[in-house]
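We just call them A, B and C in the order they show up, numbering each chain from 1.
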């Protein structure tokens, strides 16, 4: 990853984590920190009053869609949206570029999710307003990778640590999980990172990503046993075994038992205060259960702090792309209503 | 129903009408009265500026969803929403509690409708913000019961009466109608109530509800003829014969004819100025037609005042739960646009 | 078309272009001009702060729905909406009039699209707030006709011309295209209009519309060849060959080749600076391709200015119907965020 100029956020499309160098990531995180009082409802800002987000989800995704929309509302803006693939113009043969030119006339910034790889970049090339990638098929979901790394930073910071020097175990179906791919790339811009990859042999992280990490100085170790992999790390990042990728449920079942983490395993094998993460949703059905609910009372379970951080990171990206990060506090006022989060 | 402490609305989940004692109901109604100038567009308030409602309808319902959303907008807040069961995280094995923890990070209060009985309470148990039940299957729909009773109060008030002493006929499929069940419970907190239940024998109100009403001092009379039941009451509360519950359309047809109310029957059998209510939608197809459209010019037809009152009651609940009822007028200003409702 | 009193916009339903006389059209366009700085994000207005649009699309249409919603947001108002035919009250036998009475209690103005001809007028007859027709089946889509004519006016104005004296070619499936029908009617209120109709014989404009235009003084010429039709006009208005109306794809294919416009044909046959319009979406699949993408760099391609103008025209209609056109600037302030449109 080249170490060139800083990313100029103002008016930029946010399409891939490949756009981000270390200083850019840190810029996003500094602004995300600044957003915390607004997300916690200690203050309200109307800095984006009158601005419109086009929240164009051409594939259903309640949580990501609402997270983007709420982040924009929290900055004072309005949201127009599409949820799922309507029998829309695309089926009448309209190109994505035409759709982009039309929809970009209706808003100041667009978030887009679309099932097809590369579709969001294609769309962005014809948009007259900045476009954020909310997930384009198996390709990219950059805000997820940023919120994961922001969570790692927050969890370590609470222990007086920084991301440099991190040891992290990534667990599960590392072949198919796009969040793990993106996070691996992002971690490569930090120093002294050690990654333990815990997966069945058939589901290991693609060679090209491992090679990139090693070239960037990351120490990568592979393991096919959960207990060995999680024994000496700061973070356990668990993911879903993606049953739908296997030829049969039976085949998927071969792997699942090995990678279940519960409180007993945690207590026996993990260092004290090892942080547990997961991109969610976690599969809580009995035959999956990759993170047992008996971990819910473990204060190191960071999975819900992770999703909360998604709002901060998305607010930060909006503030940077629309160039209002320095103005957010100028348009702040107090919250008038009952705030559940402070009680 | 115990007569204990008042319901502390601030930050409370609104899940069931069992939470409400008489004084609580009256608190809601007093605040609903205060909301009238805003709903009638004589004034606008921005008391909830910056607040976000998560309007999570995991079952389609245009009118209830839009009613909640508009009520929140009328207080100055923003709405993020889901309309219908998207192919969402729930189908990937996520528990309702996980969904609640995630979604409650995106808003200040949540309304939820879900087809499964008990689901909203389950969801609320893990939510970090107050949750309002917008209908959980055949179980509860508390805001409907409150708006029904608020309508009864308004209609009687116009005649110098109060709810105490009310005579009401409930008509139709009393076995399956959840609105009738909830309203029956709510009426029990008032004095000298007389209820006439008009239904086919096979569709009568469940014994347990009748017993509860009688224990609370309500006089309950049963009838299987429309004309006898409606002859000496203040309110006729008609409901839909729910064809979908019968083994055949033919079986449902056996009952339908008896319970049609039209202007001729009204004139012949009802006391002058008997109020007509219905939870809507009314089935206006020829073979159903429980409330004939020839009643539309009858000023005692309260069915559209009823749905309008839904906005007032939902505004009141939001104002109470978020503890801004006393601030609404402080953030009021005049309406600048043409107001159809005053013309 | 009678030449009577001016349309009183305040509180009016906007259902059909038959409501508009020349002076009414010009009133809409004058207000649309006034909206331009807001649509271009040079200014923000909160004139409709607190007002609610019920954006009721009972048929999916991302672009028209979002265009109406954004137009309302740009005036400072809130939007509640329905996107597509939910399993709603209509399927339980509720009449459109009942739906209208209910939904009109939740908003200050309603936009409605519905697949059934005449449905929006039916709905409006029972609504307590103004209703705008967003398309009722094959019948009317008045805002599309107005934005088309507004675009014609803007494009001609840039050349020092007015609509009077316009020569326009309308191309494609003129039998089925409702936009062409409506635009033809609207043009009839102007002077010295000449229309060239270019279509296959089987797809020509209905006789009744041609007769009306001729009665109003429009010169109408018919052609079945593209190249002859476009050679001496100010505007080429291309439309989609609506494959779904034919008995077979093969039959549709008979016509398609003739009506493709690309840069080579444009250069050879059109006058310099002939403006190209299209109601969108344009079908860019190889076998359709009525407007080739090699025209995208032609500055006379007005198709995206056309869709942008839709926002202006819809803002103008909202401002007129809610009687705030004279107040928009009084509630204006500066835009604080990065404005892609000015770069």
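The rule we apply is simple: contacts are C-beta pairs under 8 Å (C-beta built on N, C-alpha and C of every residue); 3 or more make two chains touch, one makes a residue touch a chain.
Because the structure is a prediction, the values reported are computed rather than measured.
When the CA atoms of chain A are superposed on chain C, the rotation angle comes to 120 degrees (nearest 5).
Where chain A touches chain B, the two copies mostly use different residue numbers: shared numbers make up under half of all numbers in play.
Look at where the CA atoms of chain A average out and do the same for chain B: the two points lie 40 Å apart.
Looking at chain A, one finds that residues 78, 83 touch two or more other chains.
Listing the residues of chain C that touch chain A in their complex gives 41, 44-46, 60-63, 66-67, 69-70, 73-74, 76, 78-79, 83-84, 240, 280-285, 288, 293, 304, 307-308, 311, 333, 335-341, 343.
Those residues of chain A lying in contact with chain C across their complex are 10-11, 47-52, 54, 56, 78, 80, 82-83, 86-89, 92-95, 98-99, 101-103, 105-108, 128-130, 321-324, 327, 331.
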